[in-house]
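Input: a single structure, listed below in structure tokens.
Letters are used for the chains, namely A, B, C and D, taken in the order the chains are written, and counting of residues starts over at 1 for each.
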Amino acid sequence: MNKNRLEAFSDGVLAIIITIMVLELKVPHDASYAALLPLWPVFLCYVLSFLYIGIYWNNHHHLLHAARRVTGAALWANLHLLFWLSLLPFVTGWMGENHFAPLPTALYGVVLLMAGAAYWILVHVLIAGEGTDSLLARAIGRDRKGTASVIIYAIAIPVAVIVQTPPFRNAVAWGHCVGG
Amino acid sequence: MNKNRLEAFSDGVLAIIITIMVLELKVPHDASYAALLPLWPVFLCYVLSFLYIGIYWNNHHHLLHAARRVTGAALWANLHLLFWLSLLPFVTGWMGENHFAPLPTALYGVVLLMAGAAYWILVHVLIAGEGTDSLLARAIGRDRKGTASVIIYAIAIPVAVIVQTPPFRNAVAWGHCVGG
Amino acid sequence: MNKNRLEAFSDGVLAIIITIMVLELKVPHDASYAALLPLWPVFLCYVLSFLYIGIYWNNHHHLLHAARRVTGAALWANLHLLFWLSLLPFVTGWMGENHFAPLPTALYGVVLLMAGAAYWILVHVLIAGEGTDSLLARAIGRDRKGTASVIIYAIAIPVAVIVQTPPFRNAVAWGHCVGG
Amino acid sequence: MNKNRLEAFSDGVLAIIITIMVLELKVPHDASYAALLPLWPVFLCYVLSFLYIGIYWNNHHHLLHAARRVTGAALWANLHLLFWLSLLPFVTGWMGENHFAPLPTALYGVVLLMAGAAYWILVHVLIAGEGTDSLLARAIGRDRKGTASVIIYAIAIPVAVIVQTPPFRNAVAWGHCVGG
């Protein structure tokens, strides 16, 4: 099985996800600053989600570049990842429209957490198909910076979800967005 | 005629179909569980249709991987398949919004049945273009698991359509979704 | 300049056009036949436009398969074709929602006419870039069936536009759709 | 790192941007000229933005054709360019719906300016990755017409933004659109 079509399909889905999120920025009827201003949280969330999809596309690119064989299990692990990422436009819109209210922000965190888990599964399904001494396994093993960022990420998301109680949330939502 | 562009076009259409279905998950205005809860049937249907498109993409990938020549007839058989699959976002949204009411669920079944028939036509058009002793014909012939799943599928859909009378429908709709 | 990226970009645009047209099929809120029935003209127009895009994709595929060099002028001739085709979802939705009323049907015809003209320009720009004794020029010249269908097409569209006066329109709209 | 997937992803995003802009042309409910007429500024803006995306795609095509190596920094410079272009459907819709009112037109100019800057960054990141005596650096250097148009462009946009005060704006908006 060649990996080109898997890449092409993933590129297509990611390109659509990254682009349809902008449809949540509903065109205001008025031409005034007053009409534009309420859109800033939606815009901020759009930037944040654009960055996340960009990071995933980037990592996906490197991951499949290193992989040599794509098994049937990897096709499904990849679809599983795309499924969680496809929910990002919905949770982005919900979080933006509600100015980082606890429930939408928590759901946004859950979707990111599931996407992170799906990516982890994809990595390990690909390695399982190639053997632990493959180029891919060694590339992942060597990639200290990648591993470190995955660990920080894995800690940050549950924390963000847990602290989404009203006293904490304004500060966290802001930090979550700016530091995304 | 090379098959790469047929694959690329099909990938594009399938990637868009799988992604625009999420637009049926309308962003609620409220940030409460009460606003999110009514979306569960739409979400369930989204998951179901995502799986179906995933299965079709997967099978399409294997089918064209085995094919060597793409005739003009195959281009049209492929467009015919994409046509029925392109109706999936509409029937998914209708079924989800109406909580698996008989008519939308029946129409969902009809669209799946027609897509299944279109896939069967595509397979046979491709085999007709290559001869019965081609790699493709042998790959399809050997593929017992695939054939078995197609037969089960072909039986399951008309049954699902027929039993869509009120007394049966709640149980069936549930089984149809969970066992999809 | 390689033609692969031109093909990939055109495939992407055509795949999106063919798929977003289905968004004009607005999901009805009711689960009854009465709610579904008013959608039939929109559905009929969707089928018609799907066929047209399919024909253009098919012809575009054959045309670029025969071409060897893509000039800067051809890039713009191709974008010009995609521009007119990108208006198809709009005119399809308008014609469908207004049950083949004269003005929307005439505008639909104008968009098809302009797309046909744009295709003709693209063919001649490509031939101009390769010389009249090139493979492409000979392929176009030999393609009697293609030429005949283009001529019939070129006659049919202005006729359809002209006869869009109330006394003629019901019969013509029907024939236009069914015989599309 | 191969550049094919970068091209494919960019093609996907640009194809979607160029196509979803047409969704801002909302289908009118009436079949009359009176219902169609108010759409002309939206249509004019659609044509303008279609041209801009076409120019970017064209330039992007030539740029990456000349590039041989794509670094990690170039992936992000490319995503940065796509980010600004992805805002074009929003500002196009806003400017069109408000008949070239000062604020939407200024925002449209800002998005184009940022996209122009992002393109400039991408060019220099690519050259930095290849060396100043590379094929790319020489192609960019030789490309007098390209450089001249970039300079004119860089002057025109801030001017358009600055003169967006009511006394100037009708004339400028018209010239901006027609001369786009």
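Keep this in mind: a contact is a pair of C-beta atoms (placed from the backbone, for glycine too) under 8 Å apart; a residue touches a chain by one contact, two chains touch by 3 or more.
The shown structure was predicted, so the numbers you read here are calculated from the model rather than taken from an experiment.
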Query = Among the chains, which is located farthest from chain D on the basis of C-alpha centroids?
reply = B
Remark   = Two copies, chain A and chain D, superposed on Cα atoms differ by a rotation in degrees, nearest 5, of 90
Task = Would you kindly state whether over half or under half of the residue numbers at the chain B/chain C interface are used by both copies, giving same or different?
result = different
Ask   = Whole-Å distance, chain B centre to chain C centre, using C-alpha means?
value = 26
Distance from chain D to chain B - Cα centre to Cα centre, in angstrom = 37
Inquiry  = Where in chain A do residues touch at least two different other chains?
reply    = 8, 12, 15-16, 20, 23
Task = Give every residue of chain A touching chain B within the complex, in rising order.
result = 1-2, 5, 8-9, 12-13, 15-17, 20, 23-24, 72, 75-76, 79, 82-83, 86-87, 89-90, 93-94, 97-98, 101-104, 107
Contact footprint of chain C on chain D as seen in their complex = 7-8, 11-12, 14-16, 18-20, 22-23, 25, 27-33, 36, 47, 50, 54, 57-58, 61-62, 65
